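Two complexes are shown next, each including chain A; its partner changes from chain B in the first to chain C in the second.
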Partner chain A sequence: MIVENDGIADTLELRRESTLARGDVMGEICHHLAPFQVGEKPISGDTVIAKDLTIDSLAIMDMVMELEDRFDVSIPMNVVAEIHTVDQLADTILKLHARR
Partner chain B sequence: MKSLPTRNSQLALHRAGFISVPTMLDYAAEGETGVTFYNAKGEQLSALPWREVRERAHVVARKLIGAGFARGERILITADTWPGFFDSFFGAQYAGLLPVPVSIPVGIGGKDAYLDQLRRQFAASGAVAAVGLDDLAGYLGEAAREFPGLRLHGGMDVLHALPEKPVDLRPLGVDDLCYIQFSSGSTRHPHGVQITQRALMANLAGMTGAAGLDVVVGDRVVSWLPLYHDMGLIGFLMAPLASQLSIDYLTPRDFARRPMQWLNLMSRNRGTISYSPSFGYDLAVRRGATQMPADLDLSTWRHAGIGGDMVRADVLERFAATFEAAGFNRNAFIPSYGMAEVCLAITFSPGGAGVRTDTVDRTALGEQQRATPAADPADPQRARRFVLCGRVLPGHRLEVRDPEGKVLADREVGRIFVAGPSIMPGYFGEPEASREVLSDDGWLDTGDLGYTLAGEIVVTGRAKDLIIVNGRNVWPQDIEWAVEAKRLAKSGDAAAFSIDTGEGERVVVAVLARVSGDEAREALARDVAGAVREAIAVDCDVALVAPTVGLPTTSSGKLSRARTKANYLAGHYASAPSSKPAAA
Partner chain C sequence: MGLFDRHAGLLEAYRDVRTTGYDPFQIRMERVLSPTEAIINGRKTLLVGTNNYFGLTFDPSCMEAAIEAIRAEGTGTTGSRIANGSYNEHVALEQEIAEFYGKKHCMVFTTGYQANLGIISTLAGEGDQLLIDADSHASIYDACKMTQAEVVRFKHNDPSSLEARLRRLGDRPGNRVVVLEGIYSMLGDTAPLREFVDVCKKYNAYVLIDEAHSLGALGETGRGLCESTGVIDDCHFIVGTFSKTLGAIGGYCVSDDPDFDILRVTVRSYMFTASLPPSIVASVRQALKVVKAKPELRKQLWDNVATLYDGLAAQGFKLGPEHGPVVGVHLPDRMVAIGFWRAMLDAGIYVNVAVPPATPNGVSLLRCSVCAVHTPEQLQHMVEVMTGIGRQLGVIDDRTRRVVGGAR
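Right after this comes the complex of A and B.
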């Protein structure tokens, strides 16, 4: 079977962890968003992803996909549609991860 | 799981020639072919032979009839690519109900815009039922609150929970409608194209026949196109069904995430027919260049169709150059042209000919509406290249006319009109909007501009201000309203248009900036782009216009987008401090 790079090694490693630290998730999100920061204002939990940054919709989709792969979660489309801020995105990932 | 066979062992291939969707499915169900769903990793999720699609549809039909839904009533369906869509769409066909396929939400923060869209679609279609993905059941319920006429809504479980009664099926027949296609008109005032069984059968005959894709035994179809769009639903569900082919599906989301899976599926299942707007080929090149599996084999791909947006020769050439090593044949490209108002297809370029282009003089094109061959085709400043999209399907007619209605000669640019058996009877419940595009003698005003060349059509742009981004039609009003709704501009103080960057279309929003100072201007531009992205999921450049300069208006005082665009291209408006420099 032909499969693209799915970050399988990362996923396997994460599966061994029982809990996920919020700081790790925030760190990962901020790492993805850093290139789109506007001016000197740091990216925080209140940052509205689609509005406060220069990130475009395709890049947002790429980021969500990479986060899903990294933390081995799948965010349902109705949940994605209700996420606005960095905090909401991090909380969603943590909640889904705990339920695995 | 075994994949479904490409060929039927006993059943003879019939290329269209049926009278309705139910009769099409009845025939295909006698064979072993069918549809298979794959996930983003290329793993098979489920497979439904046409026989099973029909059996499940019969069960749903008896439930719908038993629940008291009347013939001709509408059922809205969130058209994701999953078995539930097949159950509800074909169930409705056998119950005499009209499906109304609609899109699913896109991107983060899109909830409110999606609920608004659902409400407008409920209103425009007068739907009495709405079913969808389980994840969207809550949204359907929320949007349904203002519509007491909606008697049933929720995930597929609400359909399955209905008792199956011993009633006779009421299949839609040759004189009936088939479904309502929302893909035309602005999202604020959606127009539902009435797809009739008769027009659909005519269009399918053209598409699968010798002047179209010339379907043969051994063809196998792969698609990631959304089923809420005419190219996905008619081109990559109805047409393969009309010729009893097997289909391999990837969802549009999974394609966007992992474009290479489209090509992997073609390779693995020996696919022969697949379509995409130009942007899909572009996405595959950008990812494929670095991720091409060594054993990728695209040599069986005999029809690589392009439709849904302006066909871009440069993108297709890059795709061919990248995937030639994997056996892709550049002559497999089939540029084609169509719209939901003719069901789907109206012209196909000849099979096996690949992409053929015509390079014309930009000045003559812009100022005299003439497609004069360019003196130096290699000079991009003076020359503009267009793709030939082939001849009109048999039994149909195509004319290019000037504003007075005179039929134009070859190389004269005008409005494209089409006539023939695939044309819609009109928009659902909108006689006035229908009259605007349909003449009494059966000609459809496509709203597109183009010219003919020895019987073939070359599409050059759109007469209306319609913007197409990544194959999606976006009305400039919708963008302006999104900006106005956030109170970033007053009504009439924002103008949206698109510019051709040579690589694709780029949306530009010109906004009156009633603020001063770099910081405030920067914030305004960012808010405008954010509002547009949130409401419409479109990325845009923002041009700030000084109130003293203002936006141009027509003689009747209406905003002139065409003149705004001309001013912008002439450099009369400053780009926002933080926005990227716009390519003209």
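Right after this comes the complex of A and C.
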């Protein structure tokens, strides 16, 4: 896309700055989940949080609270209940963040 | 998958617990002797885990009131307030509780659990936002499963965490309802209520506070944390229970909202269960009179709390953050907690054991609840017993006694 108008280019630039990088979100989630990793199997986007790891439901909710504050979004409990994989969690955070 | 397979993890944990010989979840009081003593496993046992904060279960005036009510009106109401009608005494009890708080309206429920379940899930409906403390009681969490509202948790006792969540809602439509507890039931800590109320005012949110463990214990006249922090008028809904300080069973919610009574025909846990029997209503009405007439019970309770809390702190036990009628003793893990609990029972002292997932942050606790009518000697004896067991189990230092108490 060719952007001729400088004003628009500035806006795009600004928006890009406030956009959250998926890698950052994934990194933060993996950081929180690392203590619950089982064996050598690395945590990836496909990891089913409540099943593939040793984390219990209360600890999941506490992790969500940390992520909420890290990325300044709120994830309602009914939304958390629908999240199964690391990818889904990251997508939810990105979506809520973009909607702010 | 079998019906019970999903509980495999819990079954295993439960089996662990029972290997100690006693099952803490199936303790049998063979005979209850008084608010502070019962026969358990054939021996006289000191009770320090009953939530019986004022010891009113055996108050002669409350017992007489209950007996008279049974003679006059029978053993049960056999139906709900809505379908089968109220007794005069239900209405009188509601008026008396409303008056006690200086609020216009009161609804009485058959348990405190049902009060929270029904009120919270109904107050906040579709399009509204419910904000709850992370360490909320199960009845509050269960209400959250039933509500159509959006539910968000904030960090325990952290007004700035609540504020962040209210701020994020921005100008989105919907009522905000914030749920707090006066004294938290596991560690006995109180909410920073004034700070919470300030945040709620700033964001125009309703405040609901559950004073289950603080009724009687806090406030100049025993109304709870809302009274001791001077914010009764800012608490839109106050919930409580008759099952602790008032020594019976039942729950209530008071409010000044002019439309409050509509909840009588919308809250399902009020509509579709039998109302409190006459004997309970009578003993609760009398218990409330005793709470008002005998402020010395509150002083005795806090004196006893100091004896137990400071005594344990001086021995190096890690306790909940502040003095309170609930004294939570931190232990390193589930098995030590169960072992400690069992050793105490063998020594003739009953407390509660609380282990994950029923506890916040995965902590394992002995949960003690103090009674106004415990004698100082009973509690000093308890400190000695716990010190001995604590040393044997390596939970506290074997030799050196700490010099300074841990009361903060």
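The criterion applied here is as follows: the second predicted complex is superposed on the first by the 83 of 100 C-alpha atoms of A that agree within 3 Å, B and C clash if a C-alpha of one lies under 4 Å from a C-alpha of the other, contacts with A are read in each partner's own complex, and residues count from 1 in each chain.
The definition used in the following text is that contacts are C-beta pairs under 8 Å (C-beta built on N, C-alpha and C of every residue); 3 or more make two chains touch, one makes a residue touch a chain.
What you see is a predicted model; the values in this text were computed from it and never measured.
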### Combined model on chain A where chain B meets chain C, clash or fit
clash
### Task
Please determine whether it is chain B or chain C that touches the greater number of chain A residues.
B
### Query
Looking at the overlay, what does A:Val38 touch: chain B (first), chain C (second), both, or neither?
first
### Query
Now for A:Ile60: first (chain B), second (chain C), both, or neither, which partner does it touch?
first
### Query
Does the superposition put A:Val48 against chain B (first), chain C (second), both, or neither?
first
### Query
With the two structures laid over each other on chain A, which partner does A:Val73 touch: chain B (first), chain C (second), both, or neither?
second
### Task
Return first, second, both or neither, reflecting whether A:Glu82 touches chain B, chain C, both chains, or no partner chain.
first
### Task
Examine A:Ala21 and indicate which partner it touches, taking first as chain B and second as chain C; both and neither are also allowed.
neither
### chain B versus chain C as contact partner of A:Ala98, first or second or both or neither
neither
### Task
From the options 111-119, 381-389, 399-407 or 435-443, pick the one stretch of chain B whose C-alpha atoms clash with chain C.
381-389
### Message
By the touch definition above, which chain A residues appear in both interfaces, chain B in one complex and chain C in the other?
### Response
56-58, 61-62, 65, 76-78
### Query
Any idea which chain A residues touch chain B in the complex?
1-6, 38-39, 48-52, 54, 56-58, 60-62, 64-65, 76-84, 89
### Summary
Per the touch rule, the chain A residues reaching chain C in their complex are 56-59, 61-62, 65, 68-69, 72-78, 100
### Task
Write out the stretch or stretches of chain C touching chain A in their complex.
134, 144, 150-155, 161, 164-165, 168-169, 356-357, 360-362
#### Entry: Interfacial residue positions of chain B with respect to chain A in the complex
41-43, 104-111, 114, 133, 135-136, 138-139, 253, 256-258, 260-261, 264, 267-268, 291, 293, 295-296, 522, 526-527, 530-531, 533-534, 537-539, 578
